[in-house]
Amino acid sequence: MVYVVEMEVNIPESWSQEKLADYLAREKECSQKWQSSGKWKYLWRVAGKYANISVLEVDGPDELHQIISSLPLFPYMNIKVTSVCKHLNAIRETII
Amino acid sequence: MVYVVEMEVNIPESWSQEKLADYLAREKECSQKWQSSGKWKYLWRVAGKYANISVLEVDGPDELHQIISSLPLFPYMNIKVTSVCKHLNAIRETII
Amino acid sequence: MVYVVEMEVNIPESWSQEKLADYLAREKECSQKWQSSGKWKYLWRVAGKYANISVLEVDGPDELHQIISSLPLFPYMNIKVTSVCKHLNAIRETII
Amino acid sequence: MVYVVEMEVNIPESWSQEKLADYLAREKECSQKWQSSGKWKYLWRVAGKYANISVLEVDGPDELHQIISSLPLFPYMNIKVTSVCKHLNAIRETII
Amino acid sequence: MVYVVEMEVNIPESWSQEKLADYLAREKECSQKWQSSGKWKYLWRVAGKYANISVLEVDGPDELHQIISSLPLFPYMNIKVTSVCKHLNAIRETII
Amino acid sequence: MVYVVEMEVNIPESWSQEKLADYLAREKECSQKWQSSGKWKYLWRVAGKYANISVLEVDGPDELHQIISSLPLFPYMNIKVTSVCKHLNAIRETII
Amino acid sequence: MVYVVEMEVNIPESWSQEKLADYLAREKECSQKWQSSGKWKYLWRVAGKYANISVLEVDGPDELHQIISSLPLFPYMNIKVTSVCKHLNAIRETII
Amino acid sequence: MVYVVEMEVNIPESWSQEKLADYLAREKECSQKWQSSGKWKYLWRVAGKYANISVLEVDGPDELHQIISSLPLFPYMNIKVTSVCKHLNAIRETII
Amino acid sequence: MVYVVEMEVNIPESWSQEKLADYLAREKECSQKWQSSGKWKYLWRVAGKYANISVLEVDGPDELHQIISSLPLFPYMNIKVTSVCKHLNAIRETII
Amino acid sequence: MVYVVEMEVNIPESWSQEKLADYLAREKECSQKWQSSGKWKYLWRVAGKYANISVLEVDGPDELHQIISSLPLFPYMNIKVTSVCKHLNAIRETII
C-alpha cells in the first residue's frame, strides 16, 4: 500500500555545526537505506522550503511508522500522512 | 519538472445524474489522455475522500496549467500545487 | 489495518423531506451492512454535532475507500481519515 | 461515557537522553495502569507521527481530566478532546 | 456534567420571510422549553454576530445531543462543543 | 457586562519545580481573589486540556483587562475573549 | 466603550439588480443613521476587498449588537468583533 | 505605491455559458484597460489554479480599490491584499 | 493614507525583569513619540490580551514600515496590517 | 519560469547583536548577488512586517531551491512558494 508523506524540518537553534552535520549524515544514510530497500519510492525536495514530499510503498501502517520514526530528524519534523489507493481513472495497472 | 497536485472535487448539488455522468466520462477521458501522453505520471485516490493526489512531469508551469485547466471538473475542484525538485539524499538518478 | 474516520454531514437545503428521508434510510442500511460485515467496528455520534467518528478495520486503503464511498451521503460529507497502527505502550495484543 | 482523544507529543529539545528515557518509562507505566483499569479502552499510534488516538470510557469529564493530566508528558502534548455518544445507526447495543 | 456550546447560525438564502419566521418561533419555543427544564443554564448572544454561547448541564453526551439536535435550526448551525469539569482553583462548591 | 474567556496555558520548559509551584500558588490566590469579589463568576477546567473557560461580569473592557492581566500566568496563556449580551430567547431576566 | 468590528460582505448570487440596489440603499441609510448618532465613529473600506473596518463607541455589548444586527446586510456578513480599552502607552486622555 | 494582490475566482454554478462568456470578455477588457494605463504592472496566472497574482502601482489605497472593485468578477473573488515598500537590500533604485 | 495594525506581543521567557522593564520603557517612549507626531492616531489595548489595535495615518507604506519597525518590541510581535480607504457610506469628509 | 515567494523572518532570541549583524550582512550580500545575476527580479518589504515578497525568474525548481536555500537566514524563515505562468489576459508579451 502507498502513502504520500510531507515532512517539514525544524532544526533546533541550539545545535552546534557538528551536531547538525552528524544528524544530516545519519538522516541521509537512513533515508537511503529505506530507498535502497525499495520501500521508499520517491523523495522530492519542495522547491524553496526545508521540506520534502515522499512516496512510500509499505506492507501497512506499522511499517510506515517504523520507517518514518527511524529517521534521526523524526522528532524535529512536522509530518502530514495521506493514505492513497487505486484511482478508477488511472491507466496504470499497478499503483506505483 | 515535477509538480505534486492535490485536487478535491465538489460536485454541485443542482446537477442531474445525466450531467454528472457526462462530466465524469469526459473527466476520465481527459485525464487518461494526459496520462497516456506521459505527462501525468501518477493519479492516486485519497482513501476515503473525493480527492486525488497526482504527480505530473511537464515542461513548465504553463503546461501544468494547460493540463489541469483542461479537466472538465477544474472549476469544481480545490487544488493545491507543489513544485518539487531533486533532493540531495535521493538515490534515483532521475527525479521520476 | 485500522482507520479512524471523522465524517461531518451537510444536507443540501434544496432537498425535500422525502428525499432526505430516503437518503437517511439508505445511509442507515448501508452503514449497518458494513457494521454487520465486521469491517466497520465503531460508529459514534459526536455529541452536539451532525458528525460521527468511526473506526474501521479493513484489508487496505482500497477497501476503506470502497466502504466510505458507498455511503449515499458520501458526496455531502467533509471527511478526515487517519491511518493508525500498534502503539508500543498498548497492552492489548490485538489492535482492535 | 466515551471520549476520543488525540494527543500529539512535543519533546523539549533541552532534555537529556536520560530525562527522556525516564519520562517515556513513566509515561508507559501510567498509560498502562489506566489501560489495565479498563478506563483507557484503545491506544493507537497515528502512523508516521509522534501522536496517538485514544478511546476512553470514564465516569465523566472530571475522571477524563484526572487520567489525561496524570500522564507525565501531559504538559508537552497538544490535545484534542471529542465527547461522543450513541449513534442511531450503530448496531452494537453498547457504545463500546 | 457541563458543556459549553458555541452555535453560529446560517439561514439559507432561499427561505421566505414566512418560513424564517416559523423557524425562529419554533427555535425560541424549543430553546425555552430546555431552559425551563433546567438543563440549558445560560443562553448568551455573541455581541455583533448571529451566534450564541450556551452552557448546559446534562446527564451525559446523549442528552446533550438530544437537546442540541432538537433545535429546528440545528441543521443550519456551525457548532463547537467543549466538555468542562471542576477546576481546582474554583471557589464554588458546585460546578454551576 | 459579561465576557466569556478561554485561556490555554503554556508553562516554559525552563522553569524549576519551585518556580512553577510559586506561580501556581500565586495564580490560585489571584484567581480566587477575583472570584471572591464576584467579578469572576465561573472558572471551568476544559476536560483533558491545560485550559479553562471562564465567565466574568465586569464594569467594562478596562476592568476585564485589569483582571486577566493581573494573573501571574497571563504572559504564558493564549487567550480568546468573547463579549456577550442578552439573547432574545433567554428566559432569565438577568444575563447571569 | 469601544469595539473594532471587521465586516466582510457576501451578496447572494440569486439577487436581482433591483434587490441588490434596494439592499445597498437601505444599508447606506442605516449605517449613516448610526454614524450621525455618534455611535459609529469610523467606517473604513478595506482596500481591494468587499469589507470594512469600523470603530463604534457604544454603551455596552447590547447596544453594539442592536446596531450591527440592524444592518440589512447583517445576515450576509462574516463579522469579527474586538473589544478594546485604554492602552497605558496611549497619550490621548480619551479612548476616542 | 505598490500592492501585491492575490485573486481567486469562484464562478457561480448557476451561470449560463453566455453569461460566463460575457463576464470573461468584460473582465479581460477591464483588466487590460488598467494594464494599458500603467497602473496594473503584472498579471500572472497561478499555475494549476483559477487564481492570479497581480502587482499594481497606484496613487494610494483609494485608487487600488477603484481598480480592483471595477472588475466584473470582483464579487466572485477571494482577494488578499499586501501593501509593500522599499526593501533595504534591494539593488533597484525604483521599487518597480 | 490610513492603516489599521494589530500587534500581538510575545516576550521571550529568557528576559530578566530589568531587560523587560528597559524594553517596555523604550517601547512606551517610541510609541508616544509617534503618537505625538500625529502619525499614530489611536493605540487601543485588546481587552484581555497582550495585544493592541492601532490606527496610523502616514505618507505611504515606507513610512508605516519605518514607524512599526522602530518599535523595540517589533521583533517580538505578530503583526497584521490592513490598508484602508474612504468608504462610500461614510459621512465624515475626512477619513480620520 | 517565474516564482512568487513570500519569506517571513524569525530571528532566534539567543543571538548576540554581533551574530545578528553578521547574518544580516551576509544575507544582504547573498540576496544582492542573486539580484545582480538577474535571477531575483524583485525584492519588496511587506509594510509593517519582518517579511518580504520576492519575484524570481529561474531555469526551474532546482535553481529556485539553490537560490532560496543559499540565504543565510533560510533556516529561520517561513516560506510560501507560488509557481506562476502566463495569464491569457496579460498584455505584456513577456511574463516579466
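As written, the chains take the letters A, B, C, D, E, F, G, H, I and J, and residue 1 is the first residue of each chain.
Criterion: a residue touches a chain if its C-beta (ideal position, glycine included) is under 8 Å from a C-beta of that chain, and two chains touch if they have at least 3 such contacts.
Every value quoted in this text rests on a predicted model; they were computed, and no experiment measured them.
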{"item": "Neighbouring chains common to chain A and chain J, by label", "value": "B"}
{"item": "Steps needed, at fewest, to go from chain B to chain E via touching chains", "value": "2"}
{"item": "Interface residue overlap between copies chain B and chain J, same or different (over half shared)", "value": "same"}
{"item": "Repeat of the A-J interface, chosen from H-I, B-C or B-J (over half of contact pairs identical by residue number)", "value": "B-C"}
{"item": "Centroid distance [mean C-alpha coordinates] between chain I and chain F, Å", "value": "26"}
{"item": "Chain centre separation (chain E, chain H; CA means) in Å", "value": "43"}
{"item": "Distance between the centres, which are taken as Cα means, of chain J and chain E, whole angstrom", "value": "49"}
{"item": "For chain F, residues contacting two or more additional chains", "value": "2-3, 14, 45-48, 61-62, 64-65, 81, 83-86"}
{"item": "Chain-chain contacts as defined at top", "value": "A-B, A-C, A-D, A-J, B-C, B-H, B-J, C-D, C-E, D-E, D-F, E-F, E-G, F-G, F-I, G-H, G-I, H-I, H-J, I-J"}
{"item": "Footprint of chain B on chain H - complex, ascending", "value": "11, 13-14, 45-50"}
{"item": "Complex contacts: residues of chain F adjacent to chain G", "value": "1-3, 60-62, 64-65, 81, 83-86"}
{"item": "Contacting residues of chain G [partner chain I, same complex]", "value": "2, 4, 27-28, 31-32, 35-36, 42-48, 52-53, 55, 82-92, 95-96"}
{"item": "For the chain C and chain B complex, residues of the former touching the latter", "value": "3, 5, 12, 14, 61-62, 64-65, 68-69, 74-75, 79, 81"}
